[in-house]
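You will see chain A twice below: alongside chain B first, and alongside chain C after that.
The block that comes next holds the complex of A and B.
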């Protein structure tokens, strides 16, 4: 396709005047004193991304901030005409007084404290196994582990919802015959049933990122370690894991962001389990608040985005300091 | 495909006793014991990751009545179920599939193009404000996408664009992570000398990018496209907030809307199950087919 585009484009004035061969073209191109790159070039390349980025990333943040500073007041009694008036940080005070919101945040934090380490340890372990010399059929396993990532969150939740449902699920049925009565959808277990879905979905993806980093370690390092008589286990601990630390940090940050946004799995499960309230996770609070009070919902969105920033930044700083020690 | 190059037969069973400790320690080949351990772990994990897909497949071969027997064995209703899926609600399911395809292919295609240009500019040009711009884009990577959904809805409502294709498509063309990946990859794989040679030949900056840089950046571009494709295909919160008309739904939202009606319309159960299966097939095929490309792209991204 690219071949059909003529090299001489109208944008390039030097090429417009049909002159001699490449020789003269070269000389002419070099003549302007400011070097061979027009100063505008990088900006022209950035503009097509920058404009939608401003519109759909930066502007919504600014707009949410702006709207969160207002509230609806009704002039002339409760049935009066609603008007939007400046309210300062009133909405934020309400956000922090909202027990549902606070408990939803605590719920996903507790979820993340348990689920993220389990998932990343699993991903690291599998990546190390697939990178080691003891495993066979590596490509086949790698693909198998990655398959869940290619399944949309809604569909993953639907599948697991089916597996968790007593009366439908072959798994619950099997466990029942083995004398176990699992209650995946009970108030006590549902959060961890969700954690299992998230782990199932993202372990393979994280494993692949770590695995790619492992593959990039030069082989000579291993050979040197082997010569010194280091065992596989020692090589993994002292050579491999430190080398993939940046990949682990990356997966950690993405996991933190994902956990605070937890939404799809719980809302799908809320259709089959009464144990999930409409304010189960922070994003579900946004959704239910957004149905009647935009200003308040905007304040929650801003709070959520800020907390995500703070947490992922803190995580980055802590892991960096550890790396320096 | 590359699996075929590996041992076509299963690894030999652990050698019976015989092997002394001393031999095991000195041998460069791995001991059968640790190989068996590794394989056991890998097989158990593969079962964990794949069995839900099997459960979904076997469930999609069953009639409503057979589902209640909760057996793992497949039945014979697969084709009937497919027919039911595509006739449900006047064939709304195929419309949802097409919508998803439109959102994902269109969004990911444009996002890849924009990210490639921006990443290339950030990697290959020196200019004031370059690092500042890159840091702002990185901030975008950390931005939780769902926190943007509500303000986006309010903004789109102001210009009467909610409940349109645009409301889902436009926000999907921005991929800050794509810019990050393409910058890392352009810095590593597009040599400055080549750009300089292109300039000496009189090619315009844009022509150098389309003719030279994009070819060298191809693995990264495939990676960006695929991962943005998945992000959009999986996107649920944004369409849920933006769309009311079920003719505009992507397949995820459509399946969710069916599942929400299950308590009133229990016959939809079969459609939800087989619809879930059908919706993942294109993604898995695409991923498997393009494996070689996106894996090298992913490797570059994880190094920095």
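The block that comes next holds the complex of A and C.
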């Protein structure tokens, strides 16, 4: 998608402005039968993306969908022979009766409601600071904000686990000497300790997306605003932020998807904290179900994928409608 | 916007064809793949198990420290049967999941370490090879402590699915120096243990008699085992689940719930974590009710406390009793799909009966053998320096005799354990009780068995 748009507009920018007529003409030229080279070319160009996409995305999803329609039947007693029989939507009925799954979804939704706005506000703030004319050492700061994202998730979580751990952490120790007794891994705080790690990891990444959008704003607009007497604050508020709104929407969608997939941090923390259940997040529910029941795990995966899709799509629709208003 | 719509539409058309074709292919794989690997065909005559011609390569996944050294002994003497060791994390820490996946994919190792409590689970998944027809197996039974053999032959219900490796009879490890300083003797009953817990915590509020691990439901099950609980029954036709409302279970729950409520056990230390080891090293946790193999866990992870620990029999519910629980203990299983079950079984038998191998496994890996002759090896008769020279294995030998051999595991133990773990999270954080945990474990175990289409007794 991203490849085709710039090529077409650069090649012949007037065509699109003219609308319907030229569009249909171009399309007709591409229909098969009128010269085989143009018809096969797009297929070839699609191959490097399309083939891995099929093999590693579409195929596993299709396979999970297929497996989710079966269940185990056993003949010949306790250790009898298992066969997989078609069960329709039986597994899905169980998924929606699974309280652990539902509470894991609610848990990450609550997590997202708090964590995503904080993270995106931070990312926007950092991007605006980097973009401001008074900022120094921009390259250095840009890189240092981004570094947490470059650290593998497990390693980051292990380091944070060490920082949170009451027996080992020098920071908990210092806070203790100051009379505070933070319990980062307690049932009450663990979710927000995880939120802190996620924010630490992804703020820089989101900042970079927003920052790139800021860089794309033409300088002329700033000059015009300045000539009208706008302060830096007003420029940020009324020029910059509205211009990067699409980038904010994009990072918002990524964050929703990421939140529903939360896995690494809670799994790593479950080795040191006694407060994380095996069904803490939806992905952990899938893992746990997969121990004995692949079909059921597949049904949970499909349900999770669908709800992620619906949620991201709804978010896009809502934000788009707002933009149109 | 119009451009976007059009392009995405085209993408969809391009993708639709191959996607449908591919899903059909996959569908074909999914439907037929699981039918024809029946290696665990239930009771009846022993399946044929012929040695292979020519040299054989075997793979063996285990998490016993030092197993490479033991296997070197075998490889030196058996040029035609070479074994390659994969060191993997403990079973419930990920290896069982990998076994399950590898079994489905047909890439499982020839041999795998499987704890007794997980054997039924793997048998249910058709992950074990019945080796009863392999050379030497028929005569092997008398070489092992009887209850361990009944774990691998499923109480003689037909077939042999693994070779017993070690057992985990439980006893009390405690910091003798600290107990002595506080004027405490090793508690002989659970009542005395609770009193000691209070004395210890009162003397120093940052000090606890022990920790309640959330990640070790098999440890907690060992405590049920000692109390005489039978969580499962198997009459051959159906599995009975008796966790919720089981009097022995409730007795153990009440006891530990009391210690948790009174803040007499540390509830924020996870088993086998760096935090726990630090607490051992610094004397913040001063005892551990654990299995025989635990002697090397303390030795290797709390080196600062060398010479200060001692081992006493497990505290009793009834004064003067001798009951002990069992935690863990493994078998060496020939996994389904192995091309050389005869050689694999031969190696497994050697690994768990050869005196030289057993001595090394005890020294490096802390294993307490399942083999009858293994209990007499010299290493188990000597004093252990880390425990002030105490001949600690005498205590475990006595404990071993006090383990109820009829204890039966459920066939979906991973789900039972998961439910227990989740319930313990609630109990430790005050959002539930241990009784809630066992109630949940009962319901989820039954649901899991039904999902596997295993008959459940009422």
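In the analysis below, the second predicted complex is superposed on the first by the 280 of 325 C-alpha atoms of A that agree within 3 Å, B and C clash if a C-alpha of one lies under 4 Å from a C-alpha of the other, contacts with A are read in each partner's own complex, and residues count from 1 in each chain.
The rule is short, and it goes like this: contacts are C-beta pairs under 8 Å (C-beta built on N, C-alpha and C of every residue); 3 or more make two chains touch, one makes a residue touch a chain.
All figures in this text were calculated on a predicted structure; none of them were measured in a lab.
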First, second, both or neither for A:134, with chain B first and chain C second: first
Chain A residues touched - chain C or chain B, whichever exceeds: B
First (chain B), second (chain C), both or neither touched by A:192: neither
Touched partner set for A:96, first chain B, second chain C, both or neither: neither
Which superposed partner A:167 touches (first chain B, second chain C, both, neither): both
Which superposed partner A:274 touches (first chain B, second chain C, both, neither): second
Residues of chain A contacting chain B in one complex and chain C in the other: 5, 42-43, 46, 50, 53, 58-59, 63, 67, 167-168, 271, 287, 290, 294
Complex interface listing, chain B residues touching chain A: 1-3, 6-7, 11, 28, 30, 34-35, 37-39, 41-42, 45-46, 48-50, 52-53, 55-56, 58-59, 67-68, 70-72, 113-115, 117-118, 120-122, 125, 127, 130, 133, 136-137, 139-140, 142-148, 150-155, 170-171, 173-174, 176, 179, 196, 199-207, 209-211, 230, 233-234, 236-237, 240-241, 251-253, 255-256, 259-260, 262-263, 272-273, 276, 279-280, 283-284, 287-288, 291, 295, 298-299, 301-304
Interface residues, chain C side, partner chain A - complex: 2-4, 6-8, 10-11, 14-15, 18-19, 22-23, 26-27, 30-31, 34-35, 38, 40-42, 96-97, 100, 104, 121, 123-126, 154, 212-215, 234, 236-239, 267-270, 273-275, 278-279, 284, 411-412, 414-415, 418, 421-422, 424-425, 428-431, 448, 451-455
Interfacial residue positions of chain A with respect to chain C in the complex: 1, 4-5, 8, 16, 23, 42-43, 46, 50, 53-54, 58-59, 62-63, 65-67, 70-74, 76-84, 94, 100, 165-168, 183, 185-188, 270-279, 287-288, 290-294, 296
Footprint of chain B on chain A - complex, ascending: 2, 5, 7, 9, 11-12, 14-15, 22, 25-26, 29, 36-39, 41-46, 48-50, 52-53, 55-61, 63-64, 67, 122, 125-126, 129-130, 132-141, 143-156, 158-163, 167-174, 200, 203-204, 208-210, 212-213, 215-216, 226, 232, 246-247, 250, 253, 257, 260-261, 263-264, 267-268, 271, 283, 286-287, 290, 294, 297-298, 301-302, 304-305, 308-309, 312-313
